[in-house]
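Please read through the structure below; I'll follow up with questions.
Order of writing sets the chain letters: A, B, C, D and E. Residues in each chain are counted from 1.
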Amino acid sequence: MTSFLASVGYDRWILHVLLILPLLGMPLILLSPVRAARWIALVVALLEFGLGIGLWWAFDASNPGLQFVTDLPWMEGYGVGYRVGIDGISLLMVLLSVVMMPLVVWGSWRGIDHKQRGFYTLLLAMKVGMLGVFVSMDMFLFYVFWELLLIPMYFLIGIWGSANRLYAATKFIIYTFVGSLLMLVAILWMVFQVGKATGTYSFAYTHLLDNAAVLAPWGPWLFVAFALAFAVKVPLFPFHTWLPDAHTEAPTAGSVDLAVILLKMGTYGFLRFAIPFVPAFALSKTTGLVMSGLAVIGIVYAALVAMVQPDLKRLVAYSSVSHLGFVMLGIWGSTVESVQGAILVMVSHGLSTGALFFMIGMLYERRHTRMISDFGGLARVAPLMTLAFVITAFSSIGLPGLNGFVGEFLVLIGSFGRYPILVGVATTVVVFSAAYMLWATQRVFFNRFTNPRNEGIGDLNFREIAVLTPLIAAMFWIGLYPGPLLRRTEGAAKRYIELISPHLPEATLPGPITYGAPR
Amino acid sequence: MLLGPSLALSAVLFALGVVGVLIRRNVVVVFMCVELMLNAVNLTLVALAQLHGTSGQIMVFFVMTVAAAEAVVGLAIILAIFRHVQTVDLKQFNLLKG
Amino acid sequence: MRLIDLSTPEGATLALLPELLLTAWALVVLLVIGWRHKTASDMRFVGVLSLGGYVLAGLATAWLAMEQARPDGLAIMVALDGFRFASNALLVGIGAIITVMSLRWLERQGILAPEYYVLLMLATVGMMLLAGAADMMTLFLGLEVMSISVYVLAGYDRTRRASAEAALKYFLIGAFASGFLLYGIALIYGATGQFNFTLIGAQLASTEPTLMAKLGMGLLLIGFAFKVAAVPFHAWAPDVYEGAPTPITSFMASGVKAAAFLALVRLLAEVFPAFVELWRPILAALAIATILIGNLVALAQTSLKRMLAYSAIAHAGYLLLPLWAHSDDGTAAVLIYLIGYSITTVAAFGVLASIERAGARTVQLTDLEGLYAVRPFASIALSVCMLSLLGFPGTFGFIGKWFLISSALHQGEVLLPIVAMIGSGISIGYYIPVVLSMTLKPTRTRSAHQTIRFPRPAKLAVALCVAAIIILGVWPKPTLDFATQEAVQLRRGATPIFAR
Amino acid sequence: MTHFVWLAILLPLLGAVANGIIAVRRPDSRRLVSFIGVGVLLGAFAVSLGVLREVAAGHGEATKLLLWQWIPVSDRLTIDLALQVDQLSAVMLMVITGVGSLIHLFSVGYMQEDPGYARYFAYLNLFVAFMLVLVLGASLPVSFIGWEGVGLCSYLLIGFWFEVDANSDAGKKAFLANRIGDFGVLIAMFMLWWHVGTLDYAALAEKAPAVLPYGGTIATTIALFLFLGCTGKSAQIPLFTWLPDAMAGPTPVSALIHAATMVTAGVFLVVRTGVIFALAPVAMEVVAITGALTAFFAATIALRQNDIKKVLAYSTVSQLGYMFLAVGTGAFAAGIFHLVTHAFFKALLFLGAGSVIHSMHHAQHHAGSHADPQDMRNMGGLRKAMPWTFILMAIATLAIAGLPPLSGFFSKDEILAAAFARGETNGLYRVAWGLGLAAALMTAYYMSRLMAMTFLGTFRGGSDVEPHLHEAPAVMTAPLAVLGILSVIGGALNLPSFVGGSHGLEHWLEPVTEPATRLMDALVMPHGSVEYALIAGAIAIAITGLVVGVRSTLRSTIPTPAEAPAETGIRRLLYGKYFIDELYQKLFVGPLVWFSRRVLWQGFDQFLVDRMAVGGTARVAQGLGWLGSRLQNGQVAFYVTLFAVGVVLILRTLVG
Amino acid sequence: MTALTVVFGIFAIWAVVSALLCITRTNAMASALWLVSTMFALAGIYVLLQAEFIAAIQVLVYAGAVMVLFLFVIMLLNVEETPREWKRWPVWLLASGLAAVLTAELVTLRGYSPGRLAREISTMPDSMAIPAYVFPGAMGTGPDPRGVVGKIAEPLFQAYLIPFEITSVLLLAAVIGAVVLAKKRL
């Protein structure tokens, strides 16, 4: 596979093709008849998937640096270029995006019955933004994609959302836009300072990173500016209140994309930008304590709040906050294990929460309600969906053998040395997550069949099975054999740790005693 | 040389013009106060032209032209609005606000 | 490179060719008006005819730019550098677009006086003189030509009391402000004995700041602060913007503001570079007050036009940042931002003008609800404009924002950019509701929407503007190169002759 | 065969998948389901036998079997999906697949008419697979897969009849209680990795003594966290409340999961990580005393229960307490010994109870009665209808009461002797021993009460029901018989020396327990007269309990549930299970839900962040904007004044 | 105190008093006339400042033509006296306060003498920076050989030709504007 890909010059064109294909699809959808819209979107998505999946093999796991790098002129003389590339971290995010693409399109097949052209156009637009964020190796390009993404999401929520969609859309865009305002200032300031020190004014990520030392005096400010943008996106407690509304009101595709990709942009941002640029401040004892403290508060807090949600989607939204807290904790755990765990949580949260949203969407399509109290005993009429939901729920609460566990375990064990108490507190969430997930599962799928209107709900149909199967398969795969994934991120994680290790304060625990583990 | 006193007189007249604009309600009078301000500036220019040469006086000449043009247009505008509200009371011109 | 001796009549004629051509064309048009001024088609004919003037002026400007006309010696009365040509191009372009936007609008509003186009041309001449002035006299007279024309244009819709009131307010406060400006000119003259920018700059650079010079500079700044509607000299703007005929509001918000800013850039670069420490705090204070107040009060508006007026005020605040920066990239930023801002404003008001109906009250935010379903073009265009004004990536507004924030940051200033971003954050609170109202809210007044007729020329112009916003937002390099290149020329010409 | 031990896991797993598919596609193919469900278990049992033989033939060395690298995250943390076959896992393998096969077989009869037949077998097979992973895992994380997996299956099986809300509740409760324990296991794993650097059992046994100081805080903390996990899984104080509720599941499930296998996983874990416990004497004390207390308290509750399965459930909790008492004294082998015998007789008891319930249910169904088929107050005199069941259950009762020479006698005696012996040096163990003894008395009492209420006397369930009572089919009684035999002879596994035995199981397990026991003070078992005195006492207690139980039950008139008066005083306390559930509900669950809803969600999220912080900012901005627009009053004079103020201020900065 | 100063003083007082009356008379007509009076006083001062031509136009154009236009409009509008021509006293007080501060700021200019200005402008050492050197041709010379008008006219039509031409555009705009606005019917 690898040699075949090399022979077609895969590494030279793949990232561009991934970015351009949806762009080509957009006008095509707008110009063709309504009925063709979803087909075109599906074809584009499948093409993206088919082409993008090759990255898995083409990616060189032994190379910890950036791969598939391209640097084309865009605004020469102003330091801005079309610079793209991926490393292990972005690889997984890109793959997650392309894998979810056909599923999202297919998952919306029936749910979207009006303004289809607009819907699928925006869906593709969002894909461009998502992929763009993860492949940008130019701060300007990154910022453009980062912000650009808000627009399609805004309309997806605002037009195809449910009852309270306007409020949610407005809240979403205001939160995220305001959050990232200062990031622009920080980026420009960084470019300026690095430019002053080196004589090269460039937005290139590598250039800025290589000279990040000169940024140290402004560490606090730069970090705060970046952190605000990313923390809102993550969302880190207490910046999370937009998420339940956005998740809840968005159409299924929006919720899925939001959960699977958008939220990851925040944690990705921390890992890629906020910390590496100003590691000394970002990883200082106080900052570390604040950030990981907020992460842990978010983990437990969101789990508790999820427990009492009457609305299924809102519950899952809060569970997202909780899961993303793990990612944050892992990032600040600052060990190879915790960082790898964080990346894995990013992936597995995408899979399980994505699947949950799909299923809630399927329920919603059938019953036009998301209220837990409207259901009950569905296992009798929809055993397959129950099976899928239970598997996903357990994946979400971290049952070993399924995907959720591996990441969370790595995050916790990796961060334990630095924050034993916080990790201890975070670990309590194994109880709370089970509490909210099982309680919800029980009230929806088990218990007495009370509501006769659920009688005709019907089980999963072929399309729905086809959407869920890959996700569930991936859950098992990552849960049981995450090795190939971890090997691809190991290089990047190690490099990241090497990069920041000079700035790490001493850990609370001296570190695991290395023993020659037979491999 | 009357430079200092002229500048001071000019300042006083200018300030008086400003006061007039601030406190009067009759549009025409307010406009006249603006003219007073222009006159005060002219005095400054003339006083300075005594030292710097005639360019200052030429400026005064232009200012007078501008004042005349402004007067024409201004008074036409006052006439135009008078047709709507039948008053010259500035306080009544508050359709646009907020 | 063509060296032009500005002290000779021939040289002056060459140097002022764009302005002269436009004026001459205005006279031609005036003659035509004497012959045809009765019907709507006369009106349209005159409008189309007047476009010729802008074309001529634009060609002349292009010729001068291509010839790389430079003053042989001192720039007397009028500047002769890339920055002026760039300014001219921008201002002529604005004038032409406003003409196109007005073409059918005037008839629809029942304003059948073709002198409108002549005044528009004369105002453009004034703006060009103001922006291209190299002498206090030209500056003052250019300003007055522009102002007087715009006073009249603001009150052009005489049948509406609001229009007359707008004209009166603009006129009164404008005349008041020009008193201050003039006082400033007088004191600068007193402190240096000169009217010429270069000579004043050299003189001011050679001595310590004197009382008279400082006062003069302060009063001059006040005069300009009024023109650009900086807080606290802004109070006229919302009322006037609301009352004036919409194309003229558009003209004021784009052209007049642009001309004032371009002149101010030149003034600060050529006349007061030595006083940078004195005027920077003033500009900073003005910028902060303008950004915050402009954005905050815009939040409270329900009328679209008035909201755009406050937004225009806020944008003046942003534009003060690159002025504050006082650098090459600052100057470039002013140009870039003005280009983006002008295009956007013109397009936004163009859409607004098409939505208005004759004699109706101003367009309220609620009037837009569900517009997308009925008039998708108008609502998409307006949405793009809103996003560009918001500074959203992918639009030219973002490129402008990037440049102006960079320019301040490059001077080591962080507070102003942060204030600008805070303002930007507030502004989402009133830009997004427009988009929301048009695209997401259900239609309540479908029939009202259906009566909206987008005049074809205006539609074309808006479409061009919107395309420009997006294309320049994605591929801004040529514009950036152009602006940077011209901006550098301004600074080079402004280098003081005598070092202190 | 050792190298194919994974087959033992794979077979049930495949069975689960196959049955799962059948459950979805063709839920009525009962024959196929039975064939697969029982077949895979028998297959696994066969594999287990092979493994046992090989281990027996081996030299005490553990065999580690690497299946694949599970989590190869870095140089210092690579978790292999590896299995470890040694004496301990071989024993567990036998118990699980052996007892498991019998219970599967029993289920064929018991669940025959249930519409969820295939689903049931899928779950049950899955459970066996996970249980085997638990005991075969070579490292804590791998065991943890099984550890949580069995929790999952327990959850699914307790809530098997999900349409009754209480069943679903019970399943959830079981999983949550287990999860509280899992929290402990996780923390213990984190600490082990950071302090010892490995999570492999073998490496732990080797390195921990070298790294962790004996009796140090770290070892104690780790051990206590591990034990927290055990209390969750094995239903010890304070997390025992879920097990009685877990009886909501089908009775074979109670037998397999909540008596024989899963709940004993805690004991298994303590033995597996015995080194850590051995390094933490304080933790050992905690384990022992918790076990003893649990044994005692659960027994007291069992005294007054009327639900046949509830009695057995509390009995299980109590017996698990014994096991923990054993491992807490360092008598690991005794703990495992009791685990095995308990698996036999408790499975037998449950299955017996199952056939009783089965019979009751059918009879009531025929008679159209809606009485509770599990309430012993509705039974009585079943001996006549169900002789085989009666005999087999009586054997089990005697075994659990500790009557020689039945299996329970030996295993329980071993534990009490060990506790007594530890008591020589540590008074705490003497207390534990005392509690154990008291529990033994109560065990005999409540078991005989159960037997008397169920099988003796006259039938109280109504004359219309009685004729329909019948003995269970052979597919159900056959497993009972096998278990009955095992309950009788189970003691032979570890016959003590005073009956000429050689402590076979103890020696068998020595390679596993040795690293731990080496670290502790040697356990000097009582000898000679003391030993005989203890044995005599134990027998006396058992007989007393049995006799009192039967006689007092037969003498008193037992009211039917409907006409039963409300219990008062201490009886009420016992009947109400000390109201621990209510206490937990009031103390933890209720406040937590209230806190989450009112304070966190509505208070913080909705009010503080959304309304006050975000909305407040927006309102302040709006308000400022409104104020600004009020100032824009349309008056030129005001505008000019504003202008003048600006002028004055600017000139001030220049002149000043 | 020279005679020049005395005469200047008289004109100055005249101008200030007239200006004060101009802004305080409730009758618009009176205000206008007092403004004319101020302009005359200023014309007098212009003469003292050797700007005879300006003084002449001041009287002819400003006081004569422009102010007549004002009077004309005042009479044309012929409005009733507004009941309260002045704004309420707080406004008045605020305005006066502002004006006082403004005056204080601007009147600092009174300290300027030719000598001071010369020192400030010149780059030469203070002792050498005397007005006679710094402002050649401005100090103590006789009447201009070109005459009062020629002194202005020559630069106006040569050096300042461009601004002069701009004024024509200005006036054109004003005329068109006035016509458009004042026409009875469009």
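One rule holds in what follows: a contact is a pair of C-beta atoms (placed from the backbone, for glycine too) under 8 Å apart; a residue touches a chain by one contact, two chains touch by 3 or more.
All of these numbers come straight from a predicted model, not from anything done at the bench.
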Neighbouring chains common to chain A and chain D, by label: C
Shared chain contacts [chain D and chain E, defined touch]: B, C
Centroid-based (C-alpha) most distant chain relative to chain D: E
Maximum inter-chain contact count - chain pair: B-E
For chain A paired with chain E, centre-to-centre distance based on mean C-alpha positions, whole Å: 71
Chain centre separation in whole Å, for chain B relative to chain A (CA means): 65
Computed distance of Cα centres, chain C from chain A, in Å: 44
Chain B and chain E, separation of their C-alpha mean positions in angstrom: 9
Residues of chain D engaged with two or more neighbouring chains: 629, 632, 634, 636-637, 640-641, 644-645, 647, 651, 655
Chain B: positions in contact with at least two other chains: 7, 14, 17-18, 21-23, 25, 30-31, 51-53, 55, 58, 62, 66, 69-70, 73, 76-78, 80, 90, 93, 95-98
Multi-chain contact residues (two or more partners), chain E: 87, 91, 94-95, 98-99, 102, 105-106, 108-109, 111-112, 117, 135, 159-160, 163, 167, 170, 173-174, 177, 181
Chain-to-chain touches, reported pairwise for every pair that qualifies: A-C, A-D, B-C, B-D, B-E, C-D, C-E, D-E
Of all residues in chain A, those that touch chain C in their complex: 74-78, 140, 143-148, 151, 155, 158-159, 165-166, 169-170, 173-174, 177-178, 181-182, 184-185, 188-189, 191-192, 221
Of chain D, residues touching chain E in the complex: 637, 641, 644-645, 647-648, 651-652, 655
Residues of chain E defined as touching chain C within the complex: 105-106, 108-109, 111-112, 117, 120-123, 135, 159-163, 166-167, 169-170, 172-174, 176-177, 179-181, 186
In the complex, chain A residues that touch chain D: 171, 175, 238, 240-241, 244, 301, 304-305, 307-309, 336-337, 340-341, 377, 379-380, 383-384, 387, 390, 394, 399-401, 405-406, 409-410, 412-414, 416-417, 420, 423-424, 427-428, 430-431, 434-435, 438-439, 442, 445-449, 480-483, 486-487, 490, 493-494, 509, 511-515, 517, 519
Interface residues, chain B side, partner chain C - complex: 7, 14, 17, 21, 27, 30-31, 34, 37-38, 40-41, 44-45, 48, 51-53, 55-56, 58-59, 62-63, 66, 69-70, 73-74, 76-78, 80-81, 83-85, 90, 93, 95-98
